[in-house]
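Labels A, B, C and D are assigned to the chains in the order they are written; within every chain, residues are numbered from 1.
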Amino acid sequence: MKRFRILAAVLGIIAVLSLPAFAAETIKIGAVLAVTGPASFLGAPEAKTLEMLVDEVNAKGGINGKKVELIVKDTQASPEKAVSFAKQLIDEDKVFAIIGPSTSGETMAIKNIAEEGKTILLSCAAAEVIVNPVAKYVFKVAPSDRYAVEMIFSQMKKMGIAKIGVLSSNTGFGKAGKEQIEKLAPEHGIRILVNEVYDKSATDLTAEATKIKAANVQAVVNWSIEPAQSIVIKNIRQIGLTIPVFQSHGFANIQYAKAAGAAAEGVLFPASRLVVADSLPAKHPQKAAVASYKKAYETRFKEDVSTFGGHAYDSLMILAKAIEKAGTDKEKVREAVEATKGLAGTAGVFTFSATDHNGLDMNAFAMLTVRNGRFAPAEK
Amino acid sequence: MTLLEARSISKRFGGLQAVKDVSFSVAQGSIKAVIGPNGAGKTTLFNLLSGFIAPDSGEVLLRGMPVQDLPSHAIATRGLSRTFQHIRLFGGMSALENVMVGRHVRSRAGFMAGMLNLAWTRAEERDIRDRALDSMEFLGIGQLAHANASSLSYGQQRAVELARSLTSEPEILLLDEPAAGLNMRETADLAVLITKIRDRGITVLIVEHDMSLVMNISDEVVVLSYGEKIADNKPLAVQKDPQVVRVYLGEDEC
Amino acid sequence: MFLELFFQYLVAGLTYGTIYAVVGIGFNIIYNTTGIINFAQGEFVMLGGMTAVSLHAFLPLPLAIAGAVLVTMAVGGLIEMLFIRWLVKPSVLRMIIITIGVSILIREGALHLWGEGIRSLPYFTGNEVSAIEIGGVRVSPQVLWALGVAAIVVLLLNVFFHYTMLGREMRACASNRDAAALCGIPTRNMVTLSFVVSAGIGALAGCVVSPITQTQYGIGAGLAIKGFTVAILGGLGNSMAAVGAGFILGILESFSIWVMPTAYKDAISITILLAMLFARPSGLFGNSEAARLKEF
Amino acid sequence: MFQRFRHITALAAAIAAVQLLTAATGKEFFLTQLTMAGYYTLVIIGLCLLMGYAGQISLGHAGFFAIGGYTSAVLTTVDLSAWKAAPAISLLAKSGILTGRADLYGGQILTVHPWAAFLCALCITIVVAFLIGVPVLKLKGHYLAMATLGFGTIIYSVVLATSRFGAADGISSVPAFPLLPGLAVTGGSSQRVANYYFAWLLVTVGMLLLINLIHSRVGRALRSIHGAEDAAGAMGVDAARYKLNTFILSAVYAAVAGVFLTHYNGGIGPSEASIMKSVRYVAIVAVGGMGSLWGTLIMSAVLNFLSLRGYFGTFDDAVFGSILIAVMLFSPEGVLKLDIRSLVGRWIRTDRKAGA
């Protein structure tokens, strides 16, 4: 008898779940994110951020009085799943826009699908190719690696560095950074003597560090988002290399600095202002956005914000502003997103145009360092 | 005419000289027996002749062609078929399917033909089935065709194994202790059966450690002891050979 | 300079090798009593590291490590009792698939328990930048810790399996389970015990390498593949050989980085390993007769 | 014999019924994931032949899928127009092996024709499978598992390390694969139904070929190798050659699936070559029942469909792991062999006992 009741309950739950959600007057937004799997460093905070924001927005009565309905799909960083989910969201759920994917490979896999489905795509991945050449419906909110690289190179010029070694992980993030470094180095008079790609799940990188040591370079640049970026600086210091170490903006997650401990001291990296929210001057344009996001996220999830969660924040904010302005016509909202000007987000101040679907410039980054286990602005 | 010939073949396993410098030949159309007490190297000799193991030295000639370096399946293709002392049927297949595998060497449908199931493959398949059933009828086990091979009794499994070998229409058939586990009546039936097989034009080489079965039906008998050949003659002559008598009296057979 | 570099790469190789070896040993213990490869071995390493980090928040390091080892041993035993113990004559493939399933479950459980963040234990001696220098070659003290622990574990295992009654009974189980049962050895308990022991060793490995490799929920799969590789390459069932094979793989990887682009490190080292395996199909230090006995 | 065709007819009917059902209930979007699941099923039935009938495990089958997919992706996306003047290129262009098309941004590019790329992918797969198969298949048991895993790792790390293959990003903008005038393998929603039928037509044909094969002389030989390899040898079955041929055949199945799924998705990424993917294939074969092509087909269609729809959210792997364990514990011969009645019966009995 008891079994019967359980069975009935299960059936009831299934029945409720399969009912169509209250379709009336909601704005459906899809999110295709790598919540678990090898790129969970990106996708997990992004998914949490969206969840939090949508709750916030709905608590305030939604956008223009319409509730937001969020559909998160976990791709586990597989392009084939991203393709499946993008089609599902566009054809079936008829979402208004898609946020994500988290990685460049997945974004490139669904760029065409968004374009053909005339659905706005706000990618959280960094690669330049996502918006260059420009596709009408595809935007990206993560700052291009180009600006991060240029910032590093100008810092190097100040420090008199001309010979460098480059390490990157074999992920989309690592690849995109490496390509920008290779492209921009000659313009800045910098020679790359070692250029190595290591595995994203590497557990020790002493041999790579040794290769750098043997090449007699003046500085090292490491480009990755995985735990390996903490390992690499430890190994560099352990084998006695004392040269400056530069990291990508992927380092802007305090847990990496904590994991590297003493080895992280003095590491230089460009990062969005989100990670130094507390030390931003009150009149800084990003101060409000950055501080409120950081506070809300850290209270709710009891963990430090990362810039990647910030990308999700920015995409939803940009979208929400555009919907507020243009209503619920997809085409008009697309135009409104493209017309966004001076919108302060966590990654920087966005100004999109028909030819610029990224909307950020070098100002998105500040040069940071690690001092006493905390992120701090690098002295100019 | 000599069908199968061993020329001073030897095989050593670690410290054990299993077969030492053994030579003999089998005439076409005859029944020849290899006997010897337990551990005399009979099964090793069989494995050497059928390509399961390669000899350390010496040659095996099948119709004058050296085959000692060929793998067992290649030797089977050349017309030599064998049974096993410990029955080796294919589990999970019916008795008929087991017997049909015996026809492998005399059919040719490969991967492509099998996948496309062409008219000639279907015809070949029917032929294989008919011949397999024939062999089973010949051995009186036609009614077992659709039984699962591993569910059969010991004697039935032996018969299926024999049918499998016969279906390949071998030039020469090697029987490894076919009478093991049979009672006297069954052994007598087996003797008749082996002569019938010979009468079909199949040369038979049979391994036994018990002389009684082979003496009546064999044309010639080879006797092994500790890996060496000690006699090779007509049954009657072998029985009188003093060395053979000594080996057999000195050994206590279980 | 050349010699200095050579030794520095060698040290790097030893570091990799130690990590692979300690994982590889765990595979052998379960293989030795059950004849199966436990693909959840990497997860034991992860669990050990993660639990130790969590316990270290309120316990001193040695206690945290001991606690983590105990917890993981309990998990190992539980897994055996839940999923393996009551199977009647399971095929090897069935057991392998079950362990793959278990490894996925542990990994996902860890993700939902600890999140995707990375953690690590503090260095046992020194800190992230300290190193011991010998003639220009520098090595982190943690590598020496890992080497030492690996050496002690191998030594203890050898003593255990060859000189204690329990160890001998476990080996008897491995070579012939039915015969062992006939001799009155409680074979089922032996299998549970082997899971407990290998979970413990995995957890210990996870703690000792945690400062080097750091620990994250997904680290197990990668380590398991490397551990499996060295266990096979050494010749299944031989812990000493796994250590040797671990060093060979580590040094191959390290030196391949010296002369080739790092990106092809795995491709190069695995190609060489496969070539070795083809030349000696039962492992580098294995015995071909013994290997033939243990098939699917 | 007749049973064979009954089964195939039932499969065809089921395929049509699913399509009609989705059309009738307005769920035709499901066809997208069903199409993708169809291609994965092709890989998995090929692997089932290798594992269940030739008794050889392969933990590197995603590698063959990737060889097919990547070969086709590279050849159909690399722009050769810069070398248009070169005699070899212009000759190929004239013979129709090369084809011009507009890319996403309106530029005109010259690439290898998908059909030529397809043939190329098949040839490469066969050669690689042969070269790998000869030494690998000499190994047994865990050693075989390790060697195939190694092969998979090599393919994965080469794909991931080579910029020509798009490294971590993979290759996107792969064009449609023209089959007939008006019919192409492409992800566009206008061709959704046609693509569903094409994918499952491939599966049906693949299934028919495999079923014919296992009921033929070769299939009998394969099963005999599985049963007793030495006795099979004594019957003239060349075990090494049959294993190798089966290995190549199943690699070809994987590669064909790789080619078409890549064109269907418009791209391929390194995750398709990963070890986890290979493990998944092996696991589905085990769940479907090692020697059961039909069980494998059903499990593959169901599990891949559910996973591609994202039904399990972030618990996708966890659900998959649980299914693996449950099937292996309660029905090790595969789900089709699960004796539901006896299980339920036992359940009811224990229930009564508990109640009493």
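Some observations on this one:
The rule is short, and it goes like this: a contact is a pair of C-beta atoms (placed from the backbone, for glycine too) under 8 Å apart; a residue touches a chain by one contact, two chains touch by 3 or more.
This is a predicted model, so every value here is computed, not measured.
Here the chain at the heart of the structure, going by C-alpha means, is D.
Averaging Cα atoms per chain gives one point for each, and the point farthest from that of chain B is the centre of A.
The distance from the centre of chain C to the centre of chain D, each centre being the mean of the chain's C-alpha atoms, comes to 32 Å.
Rounded to a whole number, the gap between the C-alpha centres of chain B and chain C is 49 angstrom. If you average the Cα atoms of chain A and of chain B, the two centres end up 73 Å apart. In chain A, the residues touching two or more other chains are 36, 170, 197, 199.
For chain D, residues touching at least two other chains, in rising order: 157, 160-161, 314, 317.
Chains that are in contact with each other form these pairs: A-C, A-D, B-D, C-D. Within the complex formed with chain B, the residues of chain D that make contact are 209-210, 212-213, 216-221, 223-224, 226-228, 230-239, 245, 249, 291. Residues of chain B that touch chain D in their complex: 50-52, 71-74, 76-77, 81-82, 84, 88-93, 97-98, 100-105, 107, 109-111, 113-117, 121, 124-125, 128, 164-165, 168. Chain D makes touch with chain A in their complex at residues 29, 32-33, 36, 104-105, 157, 160-161, 163, 166-170, 172-173, 187-189, 261, 265-272, 308-310, 313-314, 316-317, 351, 355. Remark: chain C residues 1, 5, 8-9, 11-13, 15-16, 19, 108, 111, 115-120, 122, 127-131, 133, 138-140, 209, 212-214, 216, 218-219, 222-223, 253-254, 257-258, 261-263, 265-266 touch chain A in the complex. If you check the complex, the residues on chain A that touch chain C are 36-38, 40-41, 44, 170, 196-199, 201, 203-204, 206-211, 213-214, 227, 230-231, 234, 237-240, 255-256, 259-264, 303.
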